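Both complexes shown next keep subunit A, but they swap its partner, so subunit B is in the first and subunit C is in the second.
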Partner chain A sequence: MFKELDPILHSQLRLAVMSLLIGVKEAEFTYIKEQTGATAGNLSVQMTKLKEAGYIDVIKQFKENYPQTICKITPVGIAAFEAYVKALQSYLPK
Partner chain B sequence: MQEKQLSEQESLLIIQQMIGRARNEFVDTGIGPILWGAVITFCSLFQFAQIHFHLHPPFDIWFLALLAIIPQIFISVKEKRARRVKGWDDDILGYVWLCFGVGVVLVNVINNVASHDINPIIRQYREMTGAEVGNFWTFGTAYLMFVYGFPTIITGASRKFHLMTVGGIVCWVSALIAAFTPTKFDFLLMAVSAALAWLIPGIILRKKYLAQKKQGNV
Partner chain C sequence: MEQTQFSPKDSLQLIESMINKAQNRFTENGHLYLLWGWVILACSIAHFILDYWQLYDKPYLVWFATWGAFIYQMIYLAKVKQKAGVKTYTDELINYVWLVFVAMMMLVEFILIQSGNWQLTYSAFLILYGMPTFLSGAIIRFSPLRYGAFTCWMLAIASMFVDFHFHVLLLSLGVISAWIIPGYLLRLRSKNQN
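Let's turn to the complex of A and B:
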């Protein structure tokens, strides 16, 4: 029986962001941008969608007089990611 | 990377790739372990030579370990500034090493107070009976190596760096052996422990870090 895949996560960039954040406590926006190879604008749009879904927290602050954006996955995001991976497994040949 | 719908295989590939990249970010620069491994190994070997050749230098070589705190502070601040990702266990490991630092100072203070009180009694007993009894420092080094093992094993195990875990276990085994060997050889055991726990793992970490840096992964 195939389980439905979470549409928020089932997109290339949003899944990449969540996969990066699942392994760390928090990461800077610039790091995520570098690792995903996405443009700042596109990444910003996708991260807003993840934030609206409650999957990530975005904290804007200053570090040594420069603006810094910190992103971290939320407990809701962790649960959604785990459910997504579980659902994905049902599609794979056994 | 663009916004597009994915096949299940593509999803799995992205998850694998990204988790792997996040893991690469936790490659230690290796400078800290190299610094402390080199300093403690050198001081221990110097102390061994001092006892073996009956040398009386006008300084205490262990002040070098105190001086090493200064570059360590600079290294820690620089690495913290450069780090763009924080791992789940970063804070915990930070506290573990902070407790280790405090623990080493406490053990040294307690050892010095104990040796100050106990060594004269042992010396008197030795003179009276002619028995070959070591002074307090025969056991003091064992306590220190026991403390060295703790954070090393925890860091090695949590970062899955087996060589460091083995180095920490060597510290504990050395602590046990040091309880039965003369003080002079305790310092040789300490040199081996520091080299295996920090210096050699540090060099390996450094090589790994430089290789990753060359590839542009860190």
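Let's turn to the complex of A and C:
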């Protein structure tokens, strides 16, 4: 029986962001952009969707007069990611 | 990364590659190991020369040079933090290990001086040097740090059989094995990776 894949996570860029954040404590927007190779606009849109789903926290602050955006995965995001990986396993040949 | 429809197999590959990107990020370039290794080595040799040949009656004053290294380290770490863009659990763990080490150094030194056992200072420092060095080596999976820590512990034992005036030289051997040699090897590894 195939489990339904979370539509929020079953998108290449959003999944890339979540996979990156699951292994670190927090990351700056610029770092995520660099690692995913996405454009700032597209990344911003996808991160807003993740934020609205409660999967990530986005903290905007100023550091030495420069705007800085810090992102971190939430407990809800961790649970969703784990459920997504579990669901993926049902699609793989045994 | 514009594609939205992709197979479960693609998903797993993407997850794996992104997790590897974050985990394989190797930031340790050995810079602070080399800084502290050379500063402690220079101070310990200077201390030994001034003390052994009685060139100066307060040879311990050479250790004030470590304050300069400490200030440099604070500035360096602030710059690295600003540049990194990411904070990993590994970085955080290593920071705590070294923080505990500094706290322990201060407490041990205070207790040794207060109890009149200051002659045990270098033996105690060798034992303490081993702790963060071994743990850092284990966390970043870098064996030379672990071997260096083990050497420090062996030197601490050796110090019990050596005249006190030579303890500071054992300390210099300790920093060569625990920080200077691994520091150069870390620098080499970092250069090869970048």
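The criterion applied here is as follows: the second predicted complex is superposed on the first by the 94 of 94 C-alpha atoms of A that agree within 3 Å, B and C clash if a C-alpha of one lies under 4 Å from a C-alpha of the other, contacts with A are read in each partner's own complex, and residues count from 1 in each chain.
Basically, contacts are C-beta pairs under 8 Å (C-beta built on N, C-alpha and C of every residue); 3 or more make two chains touch, one makes a residue touch a chain.
Quick caveat, the model's predicted, so the values are computed rather than measured.
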Superposition on subunit A - do subunit B and subunit C clash or fit: clash
Which superposed partner A:Tyr31 touches (first subunit B, second subunit C, both, neither): both
Touched partner set for A:Ala16, first subunit B, second subunit C, both or neither: both
Subunit A residues contacted in one complex by subunit B, in the other by subunit C: 5, 10-13, 15-16, 19-20, 22-28, 30-31, 35-38, 42, 64, 85, 88, 91-92
Contacting residues of subunit A [partner subunit B, same complex]: 5, 10-16, 19-28, 30-31, 35-38, 42, 45-46, 64, 85, 88, 91-92
Touching residues (chain side subunit A, partner subunit C) in the complex: 5, 10-13, 15-16, 19-20, 22-28, 30-31, 34-38, 42, 63-64, 84-85, 88, 91-92
List of subunit C residues in touch with subunit A within their complex: 1-4, 6-12, 14-15, 17-19, 21-23, 82, 84-89, 91-92
Subunit A partner contacts - residues on subunit B that touch it in the complex: 1-6, 8, 10-12, 14-15, 17-19, 21-23, 25, 81, 84-88, 90-91
